[in-house]
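Contents: one structure, followed by commentary.
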Amino acid sequence: MSQSANSAQSSVNCFRFPIRVYIEDTDAGGIVYHANHIRYMERTRTEWLRTSKFEHYWHQQDYNFVVHDISMKYHRPILMDDLLTVTARVISCKSASFSLQQEIYRDEILLASGLVTIACLSKDMRPRKLPEALKEMILEQLALEQQSLQKAQR
Amino acid sequence: MSQSANSAQSSVNCFRFPIRVYIEDTDAGGIVYHANHIRYMERTRTEWLRTSKFEHYWHQQDYNFVVHDISMKYHRPILMDDLLTVTARVISCKSASFSLQQEIYRDEILLASGLVTIACLSKDMRPRKLPEALKEMILEQLALEQQSLQKAQR
Amino acid sequence: MSQSANSAQSSVNCFRFPIRVYIEDTDAGGIVYHANHIRYMERTRTEWLRTSKFEHYWHQQDYNFVVHDISMKYHRPILMDDLLTVTARVISCKSASFSLQQEIYRDEILLASGLVTIACLSKDMRPRKLPEALKEMILEQLALEQQSLQKAQR
Amino acid sequence: MSQSANSAQSSVNCFRFPIRVYIEDTDAGGIVYHANHIRYMERTRTEWLRTSKFEHYWHQQDYNFVVHDISMKYHRPILMDDLLTVTARVISCKSASFSLQQEIYRDEILLASGLVTIACLSKDMRPRKLPEALKEMILEQLALEQQSLQKAQR
């Protein structure tokens, strides 16, 4: 885990977003309720798209983006008032879906990590191709990382 | 407060719905987060309409029901695992809105109470008349209670 | 309403906090679910205390701050992606509780407003006096506003 | 997927719990927000423990149960007003953790499925052995299923 965490932190195409923990996010165990990590990760994906000027896809008539699968690991508890950094980094792209690695940090400490696949659906909820411009943006980010890894290996 | 609570409990048109508290509802203070009382109250209104066979209004093309105002009093903390009874009782009806008194109990103990006004909007978000059948149902419930109060006073 | 909104916006002791709306905050009606306005207001109170260096009271052994009552008015729907300004302004202070007026804006448009009373409890959930330093801070803010109002009237 | 779904549905030790979907669970996409599936699954685990008379572990001084990892697959959208059946079935047990397979159905249609590992921690958040009685109950459920599978194969 710690290796992928490191690679995420140093990755050229790793998006970072700060999130403050409020008491509404915690439960009677005194820590953040485990479903809320998944909310933090979606907020970060939304901001990643906003930064990339692709937030309008969320509102378009012809597309529906849904979470197809999530795999979460909870490493350490997240606490009330924590100021988190949540990351998002595309790791693969298919014709009708793409996957991101996401991590949640307090300072340099990895608290949770997840792998998320987003599927693109038509309005009648059938799989459809990613919008061309979004796909290009994702492929660019993947190419940038590939170059950066090759440079690092030389 | 305790008087209106009593009248609600004994009212002929008071709908009651059981709700179990889960850890997701609590916060790090060890009690139910204060916005979740409002969720419990809406679940109860939804079940009140379902029981009255009016749940289809929630799905209809021509209507939008929105909360116009809420006034909440928090009397005692609600705890993890509590099995609550939440009530809903119509108390007034206008042409484009109606109001309910709602209470939350653990056994006979009043934990919270609220007064909610629901407004009926058209799809373009302008006030519109309540659907006729819904209004009739509400007026019937108000009449029933009026009769019951008069009987009690004799 | 619009008058108190104006006075809040121009008030010398009105705290302002920006909040972004995410899809998790919305419901199938396409607008922010009405209990989430109350979460936004609490986030803003927490940041108001953080700014005032009093956030440590939230974590102290001897105090419990709970919402005693809320009165909410919903003026216009809040939408996905809205960037809101949420305000908090103390309007009164007693020995064991204080009240705030809070408002939610998109640009200059008032979307919702609420009146909240926060009670201070001991750890065994009985009313207790506000911590002295917190009370002083609140009284200072109330005095500042009083002076400012008097100046405006001259 | 459909095979494990079938085995879960017919399993001798598969716990089933009904959950109603309310508007608070949905988002502006018109379907249940993907973090709420995880809430439904925890409610079901809590009820599974309540039925097994082990709910008191949730409240005990010496134990902390936390989610260690979750792997979710979202097969079909869950809709407002759906009456779901959520399952929980233990599939493995270690000294300080155990895993469950959980599924979410509308009638016979599998909507989502998840694999969850729960870790037992001491109050200072270090891994500790499962309480003996809880472990026995889990091992009994695993043995029952083993016997049932062997009978089915004869």
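Order as written gives the chain letters A, B, C and D; numbering starts at 1 within each chain.
By our rule, contacts are C-beta pairs under 8 Å (C-beta built on N, C-alpha and C of every residue); 3 or more make two chains touch, one makes a residue touch a chain.
Please read all numbers here as calculations on a predicted model, not as lab measurements.
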item	value
Chain of greatest Cα-centre distance to subunit C	D
Selected interface, A-D versus A-C, where C-beta contact pairs are more numerous	A-D
Cα-centroid distance, subunit A relative to subunit B, in whole angstrom	39
Computed distance of Cα centres, subunit C from subunit A, in Å	32
Inter-centroid spacing, subunit D versus subunit A (mean Cα positions, whole Å)	26
Multi-partner residues of subunit B (at least 2 other chains)	23-24, 29, 31, 35, 39, 42, 80
Of subunit B, residues touching subunit C in the complex	29, 31, 34-36, 38-39, 42, 64, 66-74, 77, 125
Residue ranges of subunit D in contact with subunit B within the complex	20, 22-24, 39, 42-43, 46, 55, 58-59, 80-81
Subunit A - residues contacting subunit B, complex	23-24, 26-31, 33, 35, 80
